[in-house]
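For clarity, chains are labelled A, B, C and D in written order, and residue numbers in each chain start from 1.
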Amino acid sequence: MARRRRQPPGASAAEQLRLRDRLARLTDLPLLRGAGVSGEMARLRRQLERIAAEPTEDDVWRAVELARHQARPYTLDYAERILDDFVELHGDRSLGDDHAIVAGLGRFRGATVALVGHQKGRDIHERTRRNFGMAMPEGYRKAMRVMEIADRHGFPVLSLVDTPGAYPGVSAEQHGQGGWIARSQLAMARLCVPTVACVIGEGGSGGAVAIALADRVLMQENAIYSVISPEGCAAILWRDAGEAKKAAAAFKPDARHCLELGVIDAIVPEPAGGAHANHDEAARLLAAALEAALAEVAGLEADERRRARRAKFRAMGELTA
Amino acid sequence: MARRRRQPPGASAAEQLRLRDRLARLTDLPLLRGAGVSGEMARLRRQLERIAAEPTEDDVWRAVELARHQARPYTLDYAERILDDFVELHGDRSLGDDHAIVAGLGRFRGATVALVGHQKGRDIHERTRRNFGMAMPEGYRKAMRVMEIADRHGFPVLSLVDTPGAYPGVSAEQHGQGGWIARSQLAMARLCVPTVACVIGEGGSGGAVAIALADRVLMQENAIYSVISPEGCAAILWRDAGEAKKAAAAFKPDARHCLELGVIDAIVPEPAGGAHANHDEAARLLAAALEAALAEVAGLEADERRRARRAKFRAMGELTA
Amino acid sequence: MASRIDVSIEHRGPPAEASSAQRDPNTCPSCGSHYREDELERALRVCPQCGHHFPLRARQRVAQLVDHGTFVEQEESLRSADPLGFFDVRPYTERIAEAEVSTGLGDAIVIGAAKIERRDCQLAVMDFAFMGGSMGSVVGEKLARACERAAERRLPLVCVTASGGARMQEGILSLMQMPKTVCAVDLLRESRCAFFCVMTHPTTAGVLASFASLGDVIVAEPGALLSFTGPRVVQQTTREKLPDDFGLSESNLRLGHLDAILTRGELRPFLGRLLALFEHGA
Amino acid sequence: MASRIDVSIEHRGPPAEASSAQRDPNTCPSCGSHYREDELERALRVCPQCGHHFPLRARQRVAQLVDHGTFVEQEESLRSADPLGFFDVRPYTERIAEAEVSTGLGDAIVIGAAKIERRDCQLAVMDFAFMGGSMGSVVGEKLARACERAAERRLPLVCVTASGGARMQEGILSLMQMPKTVCAVDLLRESRCAFFCVMTHPTTAGVLASFASLGDVIVAEPGALLSFTGPRVVQQTTREKLPDDFGLSESNLRLGHLDAILTRGELRPFLGRLLALFEHGA
């Protein structure tokens, strides 16, 4: 966990830290910060080794498949596990209530927070109702509304990202899809409260980034975060959607690569086999990571936090001059 | 003009002031503040006398008719006369561009201001396009958007009110008519910049008040400002829309009564016969009144101004305890 | 030229008061079931048969919502001053006096301090039985004072609305209660106090278009008419065919204007949870 | 399951480049008129016959917009670093080199200080000819630096966009240019600088969904495609019938997303007026 870097760790945490440091030196990688939350040393070691190794084409594809796994926990699965007294709020006060995004308030580790997140559906009915987690401007406006409430009342904002992308439909376009994705990001840039985002499944393009401009951005071990889906990329660049696996490997949408590229701050470990295998354990690990990330930024003054948030994203990209 | 109360008037202004004071004492009324802008003493005297006299049922009905006169200047007629380099802005960034409200930026007395206002149409085509000056949520959102730009850049906001009321249509309701009228008022309550509203024709109910929560609220001599139209009132309370004239008299929607009731801050004189008789002169008188009202509030700190604005509306109403 | 009425008081949909005026008040207008007073009272005045929500008087609402014995009423003595000397077919003063006698209230709103599920809050509850819950100087004033008291004590404001709109007999001053209450909510927000609004049948016109719509959280009872302009006026003005659920809670939720629809029984625990979530120091 | 593409580069409506690829660049794809280079140049590359707006290169745009001789380019030397070592059918580095040669630009945006109608401003102009105006690290960086320079000098930023979206070859880092440029605009706003955006054909996907939509004032050229998802993908994904003017400037204006549509000839005086209006102290 990122927090441990700054605060003196406890006894068993110290041991974890030594192991992590050794592995980090071995692999010469600045990652592993997300791995400290699991208490079991053996599994920790396995996880660290798996995360630390350079992912192969198969590894990347496995993350793509796990990120989209139908049994993978969705935002509401986490909400009920990591929040007490969750109250979901509804509506954008303009046009509708977009079920592809959920937003609400709840108690996290004893303090009130706002939660926003994409929501996919598991069965066919729910998937249709949730529009496969693809939000419309209405959804982003709902998220913005709840974030504004949080900001006014001093509640930190947690955001869970899990979408194939913003909905590519006629009315979504007519209602200003591009503009609202932009305004949602701007609203997050301006928040005075601490914010932590975590990609918990698919972090698909603009639809994902709309709610991911946070003080800390985490990614679960098997989540993906990408500018375009592997299929979309393959169709455009290889002119063959069947080349998705190749495209994914070229794209590097996996957590390990996102960390290396400086796009995320830490990787959140998942239970053995992936988050779908054990929702409770996945939630426990996620909650620990969110708590640690929040703690890192909670101490700052609002202005300072906002400047740091801006500086963090300002630095992204690679250039030669 | 209200400003003259605080600043030493010039030579001819001093004469006007004496006359006004004498008339004010005679009639024992706290009005006339809006009358100082006309240069001609004789007409000023006639105007003062007319305004100072207790309006009869016929006087009130004449104001109703003049306020709705088809040749009466509308917001854009004033915009082109009192602003330089007016740039109209469009759209609410969500659903549409409501032509019943115009909003834009221009230079007023050398300084940039934002102007928002209802806009009626004169011919049948324009009247339909402008929806008779009855706005939808889209229109209030457009106004809010331009006011937000003004607030960010320190431009004072001028608002011209001229509407029979908010549009009573299905989609207006579906898009949140009530909520957006409320939010538009709240946005105006929160503005840091100086704000002046003037009722230039019909100040009809919630549709009017949506853009009239300003530091100073003026009313043209023949404008009306009311909670319901005379016809509507008659239909509900007398169960006969034909009793509109009687209802208007009971309602007292005219400027003189609004001033007495503490709802407006000053009356803006119109050219002889009414604003429709001479658009240029009406604009000149309006501009002078807006300038004076702006000057009154321009010197305050933003917080102080906002508190004073709140206190002003807070005091409205009559109670016994 | 379209009509200019946008504050008329109308009802529509499930709670069809217009036609039920002659009926027994304990007969469900929706399914026709009849109840003894104590039965209905025990059921929170919700029809056990079909779920119809009977109208609630302000004091009944307070009794249902707050922890027993915690409500301390404020500003009971405020009365309207008839600023226009208004007279239609009868003097306004006479209408007020009659409403006072028939409702036992000074005006269409009751405010006070209370506890809901052991959490302190400021309460403001409207009563439709007092001149259609219309907002004149007294409703505006009491709502504003409720905001100020909440701000002073740094407590959340819980407001239950039921209103046909502005109190026409107070003319332009009734319209001014809209910006007045909006300014009061602005103060409440500046003081970082939460504001929860429960909209009940009907919440329309000037109340919907001012403080009621500014809640941090807005919920409604089922089947309530919540529209700025009432369906009859919309129909007459535009000749548009209205959707069956025009303006009702259910369509408002679907269209994004509400956070939830709650039955009367769900209301108190829901508010309790919200109050707990918003219990924070600065 | 719907397709997940939302950054594809597409064209539609009046400027039908796809089919005009083989055509003479000086033949109007809309009405078929043919012009000599000097004729077209004099007409600001707008068809005198039908008003079709031919694509403009970044340097041509700068020349049309700014007072002669006032443009001072900044950050010319920035180049992409190929962070993924990306290789599809060809290496990314090869594609960039080719684009550099064919366009004479270092990437798909040109920034600099300039005067428009005698008013100082900061300028940022995109060039669709450089890899479809796609936004990678360099476009994001130069846009961010343009914001910072504007903030430092307290000048308005004038931005002309033309982009198919993200630079896919830079993977997730291209996506991150969205929050990066949004943060830059946030700084610009905090510094109380004005931001005017001129959207030209096409402005889509990641550019539309970040800085481009955050202008205080947003205008567009006629007939430009301005949509987050392109019409072909919307059509394929949803099987919805698209309106004829789907995503074009004209429908964007009608739907409230633009302040105005301006022909190329109107652009400079309009910007001059805006710059004068926003010229303010503090």
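A few notes on this one:
By definition in this document, a residue touches a chain if its C-beta (ideal position, glycine included) is under 8 Å from a C-beta of that chain, and two chains touch if they have at least 3 such contacts.
Predicted, not measured: the structure shown is a model, and the values here were computed from it.
Considered apart from subunit A, the assembly holds together by touching as one piece. Two chain pairs, B-D and A-D, are compared here, and A-D has more C-beta pairs in contact (counted per touch definition above).
Ranked by separation of Cα centres from subunit D, the top chain is C.
Rounded to a whole number, the gap between the C-alpha centres of subunit B and subunit D is 41 angstrom.
In this assembly, the C-alpha centroid of subunit B lies 30 Å from the C-alpha centroid of subunit C. Chain centres here are Cα means. That of subunit C falls 51 Å from that of subunit D. Annotation for subunit A: residues touching 2 or more other chains are 93-95, 175-176, 179, 183.
Residue positions of subunit C touching 2 or more other chains: 255-257. By the document's touch criterion, interfaces exist between A-B, A-C, A-D, B-C, B-D. Considering their complex, residues 1-8, 77-84, 86-89, 136-138, 140-141, 144, 166, 168, 170-180, 182-187, 204-206, 208-214, 226-229, 233-234, 237-238, 240, 242-243, 246-247, 251, 255-257 of subunit C touch subunit B.
Against subunit B, the residues of subunit D that register as touching in their complex are 189, 192, 194, 216-217, 253-260, 270, 273-274, 276-278, 280, 282.
Within the complex formed with subunit D, the subunit B residues making contact are 85, 87-97, 105-107, 112, 138, 142, 149, 152-155. Within the complex, the subunit B residues that touch subunit C are 132, 134, 164-170, 172-179, 181-183, 185-186, 189-190, 204-210, 212-213, 225-229, 231-233, 235-238, 247, 250-253, 257-258, 261, 263, 309-310, 313-314, 316-321.
Partner subunit A is touched in their complex by these residues of subunit B: 93-95, 137, 175-176, 179, 183.
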